[in-house]
Amino acid sequence: MKLGLLTAALAELSLEQVAAWASSEGFEALEVACWPAAGGEARRYAGVSHIDVDAFDPDSVQALLSRNGLAISSLAYYPNNLHPDDAHREEVNAHLRRVIDAAAALGVEIVGTFVGNDKDRPLPENLERFREIWPPLVHYAGERGVKIAVENCPMIFSYDEWPGGNNLAWSPAAWDEMFAAIPDENFGLNLDPSHLVWLMIDYERVGYDYADRIFHVHAKDLEIRRDGLYRHGAFSGGIGWQVPRLPGLGEVRWDRFVAALYAVGYDHVVSIEHEDRRFEGEEELVKRGFLLARNALRPYVV
Amino acid sequence: MKLGLLTAALAELSLEQVAAWASSEGFEALEVACWPAAGGEARRYAGVSHIDVDAFDPDSVQALLSRNGLAISSLAYYPNNLHPDDAHREEVNAHLRRVIDAAAALGVEIVGTFVGNDKDRPLPENLERFREIWPPLVHYAGERGVKIAVENCPMIFSYDEWPGGNNLAWSPAAWDEMFAAIPDENFGLNLDPSHLVWLMIDYERVGYDYADRIFHVHAKDLEIRRDGLYRHGAFSGGIGWQVPRLPGLGEVRWDRFVAALYAVGYDHVVSIEHEDRRFEGEEELVKRGFLLARNALRPYVV
Amino acid sequence: MKLGLLTAALAELSLEQVAAWASSEGFEALEVACWPAAGGEARRYAGVSHIDVDAFDPDSVQALLSRNGLAISSLAYYPNNLHPDDAHREEVNAHLRRVIDAAAALGVEIVGTFVGNDKDRPLPENLERFREIWPPLVHYAGERGVKIAVENCPMIFSYDEWPGGNNLAWSPAAWDEMFAAIPDENFGLNLDPSHLVWLMIDYERVGYDYADRIFHVHAKDLEIRRDGLYRHGAFSGGIGWQVPRLPGLGEVRWDRFVAALYAVGYDHVVSIEHEDRRFEGEEELVKRGFLLARNALRPYVV
Amino acid sequence: MKLGLLTAALAELSLEQVAAWASSEGFEALEVACWPAAGGEARRYAGVSHIDVDAFDPDSVQALLSRNGLAISSLAYYPNNLHPDDAHREEVNAHLRRVIDAAAALGVEIVGTFVGNDKDRPLPENLERFREIWPPLVHYAGERGVKIAVENCPMIFSYDEWPGGNNLAWSPAAWDEMFAAIPDENFGLNLDPSHLVWLMIDYERVGYDYADRIFHVHAKDLEIRRDGLYRHGAFSGGIGWQVPRLPGLGEVRWDRFVAALYAVGYDHVVSIEHEDRRFEGEEELVKRGFLLARNALRPYVV
Amino acid sequence: MKLGLLTAALAELSLEQVAAWASSEGFEALEVACWPAAGGEARRYAGVSHIDVDAFDPDSVQALLSRNGLAISSLAYYPNNLHPDDAHREEVNAHLRRVIDAAAALGVEIVGTFVGNDKDRPLPENLERFREIWPPLVHYAGERGVKIAVENCPMIFSYDEWPGGNNLAWSPAAWDEMFAAIPDENFGLNLDPSHLVWLMIDYERVGYDYADRIFHVHAKDLEIRRDGLYRHGAFSGGIGWQVPRLPGLGEVRWDRFVAALYAVGYDHVVSIEHEDRRFEGEEELVKRGFLLARNALRPYVV
Amino acid sequence: MKLGLLTAALAELSLEQVAAWASSEGFEALEVACWPAAGGEARRYAGVSHIDVDAFDPDSVQALLSRNGLAISSLAYYPNNLHPDDAHREEVNAHLRRVIDAAAALGVEIVGTFVGNDKDRPLPENLERFREIWPPLVHYAGERGVKIAVENCPMIFSYDEWPGGNNLAWSPAAWDEMFAAIPDENFGLNLDPSHLVWLMIDYERVGYDYADRIFHVHAKDLEIRRDGLYRHGAFSGGIGWQVPRLPGLGEVRWDRFVAALYAVGYDHVVSIEHEDRRFEGEEELVKRGFLLARNALRPYVV
């Protein structure tokens, strides 16, 4: 395996700067943020464009990475691909296709994204919609030799995303429906064990049960504030008690999770995703956070 | 304490028949179902009218109970008192007031009901609505010397009640808002520990924290099917993994829950609520279920 | 469900005496020991013949049971049906067939027995032998309307039964092989959760996974002496650390086990098997043991 | 085993009244409070004299018990037999000798008491004193065919008994010193598992390790209030977090504790000691408490 | 955060030597032992004087530290500031004031010490005394811009410190009393989670509950020998079962403890306190101990 | 302590190559595989000869190790020294003696091996045989100043080694018999905690109980596949559910195990034994495995 990081948390730095720093700190891969350069999305950890897929030179990007001894583990663009507003949805679907094109141009195997969700409609209806909208997207990627890795985050953090969250792909039950609808070999998961902690889903077992579908791995961590759970209860969707933390500060037992990954033959990148509010706000602090996570994971990623 | 039962599961029997059987099996109290006699509500375990509050003779009801050596622990009417359809809501609010009148007429101290919820609106908005609609209801009861005990069930069992369920009063956080809005001494809980199991809220602590607000206790139990939780995750609202069981067959540790009740001075009725599908469908089976629950609870209810 | 007992522990009493006592103490069914009356088998808890299948009058047995208001839950004969000595094996197989005949004659639905094992040969070889010897036995029973319920005990208690024990049917893996070889509907389990405790197999899950194959249930219990496990380790086959106890004194959570049985629709007999050495040696003590077990189980068996 | 009760909690009743009620509720033995009739000791649960050992007629006491079908499991007198004030200590030692005489006169095998302690001196010094004062007391009892059973309570409930408590016999380490100093066969324990809960000492293991020294068993229960433990910590001697409860409402697993007692051959009385403040203050309430404890224990005491 | 160490365990080395070695091994801060240079205190880990506060040159100390790239996290002097012998107490109080003066002179923000205790008097009486003696000490420090950080160790290891230990500041209940009496912002904790392990107090919750009072953190660890706890019980004050260990060899989950510290915004030093008897006796061994602890903590301290 | 590795997993490399690589990666000791150079044994991880004890030059081996700054922690030869075929057994015993000679010649203190077992005979019979065959072997080593360290592996992985496995020395009960038969001070354990995981034997307690007999430590790890345990049960000897893993990927808590080793004064080598199938097949992968294990252990081995 290789240890990498998702560039989105270093929004203020250029790709060149990110690469230089990551390389000097022992990282081996980057998961490059590819939101539209024109911006627009103001969501936390989103909207970052380290490669402007509408205007970039594959050779110079590759040269930049090469110079720093880094691989690109995937291109990252996480919008709501099932947004209920069709105009908006088509726009983000279109940009996703351009990210796929960019991956193909760069020889990057994987594009990471969200399935998306209409948060106001129940899962069965969203799965209906998924079955319409997603097959052509996966097909488009397949034709270009690119794999789609969808992250298993429910995308609910506050009442703004209530009730259903902005990404339906958060449970084994949903994955089974998704993979039944799209059995294509280039459709899989960007598996993040942290969400499974508050969902109370056994992440080791997921490692074994979905071995063939794990294309990419996010290393984010999470803790459950017990008092918050007491006050709000499991049905509250984590609001008030689930807190994203850096790997090493949360409840994921990384040794055992990584052990499951090795056991099923996963040998790609473990990519640190940084969403710990205690290590944000200034570049130095963000970097300290990445380094803490690196320290916690490095021993197990060989 | 006394051991009682909620009559709703014995819908086919008359109050006379329920009382005779309950008494012969050692029960000491009834929680009498008081849905509108005209019917209309087809929900499982609802719509039962063992006292027709629009037409009954308090003296003969009391005589009937007396003859069987039974007390009435509360009158039970559990509709959606915050139904989004105002016409319907006003109708059920009106019937609730008539149940309150009936309680006053019978000298019954407690009416049990649901706060209700507009399942399609987030909790903060529902609490707003609660603050408008509920104070007059509680006031109405107070004037008549009746206490309102609201049950802590989220009322979500399938996608029909998705996303928010039909009763907002399921978490300590919500109770705090409710009791802050209506501090009246005649407003409290009909505490059912079973819902707290799947909500992963510590029911013993609830016993201590809300001691003054526990007016009535439901003895229902529940189990979490671990494989279902793995497949659906905590965010699914229990759908696919929470299974109501009879007390004695579930995960509530009744000895410790009752210990907390004694510790805080609760000395009213523990009333068995029967919603275990394995003990339904024929009167004999429903009765066996009640007896199993009685056997499990009887040693601790003295 | 009904609460019963296996008569073998009351070897000194006649069936008449057992029935009278059991009935007076609230039991509802007997699992009647049917070893050959001529004796021969000296194994603890074996060799008892409460019905001599070679010479009995079905009508008078039924009358006896009827008089005492008892049902027969099954006929019990637990020899080594795969004994490596073919002469001996054929003898016990032959007696098993006579027990089946007796069950048919009595209108008893179930005969309980052991699959048996050649303790000196590994499981795969024993399964081979099982595939030869058992189908005709099951077929014989099926023709007579009788179900075969095999108990899941490894039959290893000391080095005498080492290494493989005298009954191969102790694990889900073995059951799967057995039921694959003999899918007949009249072939199932006499499920005893106590053995599963020291085998560290989840007995609740077994309840769900083998719902269709649970024909009969043994209520025996067991405890693991932690210091013995430390000294001998799991590979020692329980020798030195597994101790049979009466239900109520062991590690089985009967409430949850019975809950699983109800959940899957089991509605036959829970039959107390008494092998607790602390309640043996004199009739009075054996009976006290049965009563303690009855007290522990009675609340849940309705 | 037999189920009994310690009469001290029913101080307002005469022995006759206690016996009549206990018998009618299914108890089989009494542990009779024998404090000096002249009174003097005002400690909670102490000072009760159901037999005035200075003036009683053994025959009429025995007749009274006989009439009610009850045995006397032991005579109970729990003072501080190592009181630092020698005059007081000699007085209580002297009364203890009279209780021993009374036991001999009544044919009662066991006298229950406290070893005592000088709460202001460390354990090693108290053990020194124990070695001087106790051998003659045990010898006195032995000559009269009476066993001394000392209870394992640290006798610390508030700062009044701080720091060492009024009874040193609360840990296996102390028992080992005691039994090394007095190996006499008539010196043993009145084992109460409840104290071991807050002392965090494994009560099942105690059952096995001190099998030969368990002369009598107290059935009292206890719970640890987790929040109190957080605030005060283990070093606080339980003040602020250990709460005596009735058996069935506390943390002792009576099934497993009694299982250990049966395993080691204990076959005397399990005697309910009632010190639950929620069931005190009026006779009716005290009795309800005893009945709840009886209900919880009765199934296992056969 | 920075990783530091308390110099007391390296008593044989000069401050210069300690600083050089610590710096070369990657430590970033020193907690400098400041007992009176004249000696006198023979207690284990005490009596060390790496800065003689009665005669030192602040500039040269600062230069020494600077040369080695080290900060001083606090000055350390841990006597019994509530010693029952007033003469002795005034002496140590006086030295504490001189340590405060030294801190002011050095620009060191924090002085670490013990509140102290009269081990023979109960907590409420000691708190009374605390309210008299401590306010002027805290005030003295405040006037000089110095914070007082008291360590949460009960200072009981053997019967010499029995019964109350030599430092009352070991529980949240005591802290609440202390902070109520002295709400000054320059009065807080030198939080050591190891003591909380044997006191069975949740150290993560302490991190959250006392966030504002955590001025300094000790990284010491501890294990509970289970057999010792069985023999001596919780009331024995840890004697016989609590064993100080180096961080990484004990029961503190440093990842989760440090996670709580980050969560509440603690960003000062984590200072290794070395009291593991297996790594003592020779300088080499003491240093190995520090390095093991460094290895265990380093990944999380960024 | 020192960190080392067992050379057997690097069978394709010469000792020179192993030493150079190990040294460059920070290892401090080698446990050198000494199977007969002529080969013959085809067992996985066996048959490797990094020193041909029949033909080697001690000086040049020592020089080689010296050059690389490495110690030899032990010579390793793990055959079945109680093989039932006497001819074969004598052959392996003879080779074991030559390995002992080699150790003496090299000044290596320890030879590691298996006691062996006749897998088809029960433990008591094997212990009989042990008592005959082993004393002269231990005596032979003692005369040469060499210690024999036997590994605690049951040597059962499939039905080939069923039922008893090829090494009887896997439980405290067996060790006690062994050390009673051979109390010689040069007879002890090469303790590997991984086997104890699936044997469900407390490895920390083993550290304390057998302190004097721990001559050498293997760092191998293991996980129990829960689903396999469900299917096969504890009596299956681990077949189907015990999976060897590298330290850091398994269930051993190395921090606590190493803590026990330090506590009892163990200060020799912790030697990584590599048997994780996911890190096999090519040299690079094997080395990655060793490095992962090194990363996991290095912080605690100082």
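Letters A, B, C, D, E and F mark the chains in the order given here, with residues in each chain numbered from 1 onward.
Rule of thumb we're sticking to: a contact is a pair of C-beta atoms (placed from the backbone, for glycine too) under 8 Å apart; a residue touches a chain by one contact, two chains touch by 3 or more.
Predicted model only: the values in this text are computed from it and were never measured.
**Q** Which neighbours does chain B have in common with chain C?
**A** D
**Q** With touch defined as above, tell me whether chain D and chain E contact each other through largely the same residue numbers, more than half shared, or through different ones.
**A** Both copies touch with mostly the same residues.
**Q** Per the definition at the top, count C-beta pairs in contact and tell me whether C-D or C-F has more.
**A** Between C-F and C-D, contacts are more numerous in C-F.
**Q** Looking at CA centres, what chain is most distant from chain C?
**A** E
**Q** Note the rotational component of the Cα superposition from chain A to chain F, reported as an angle of 0 to 180 degrees in steps of 5.
**A** Going from chain A to chain F via C-alpha fit gives 120 degrees.
**Q** Taking each chain's centre as the mean position of its Cα atoms, how many Å separate chain A from chain E?
**A** So the centroids are 43 Å from each other.
**Q** How many Å are there between the centre of chain C and the centre of chain E, using C-alpha atoms for each centre?
**A** Taking the average C-alpha coordinate of chain C and of chain E, the gap between them is 63 Å.
**Q** In whole angstrom, how far does the Cα centroid of chain A sit from the Cα centroid of chain C?
**A** The answer is 54 Å.
**Q** Which residues of chain F are in contact with two or more other chains?
**A** none
**Q** Mapping chain-to-chain touches, which pattern fits: line, ring, star, complete or other?
**A** other
**Q** Pairwise, which chains touch?
**A** Pairs satisfying the touch definition: A-B, A-E, A-F, B-C, B-D, C-D, C-F, D-E, E-F.
**Q** Would you tell me which residues of chain C are touching chain D in their complex?
**A** Going by the criterion above, the answer is residues 223, 243, 245, 248-250, 278-279, 288-289, 291-292, 295-296.
**Q** Please give the residue numbers of chain C that touch chain F in the complex, ascending.
**A** Checking each residue of chain C against chain F gives 120, 122-124, 154, 156, 159, 162-165, 170-173, 176, 196, 198-202, 205, 229-238, 240.
**Q** Under the stated contact criterion, what part of chain C meets chain B in this complex?
**A** 255-256, 258-259, 262-263, 265, 298-300, 302
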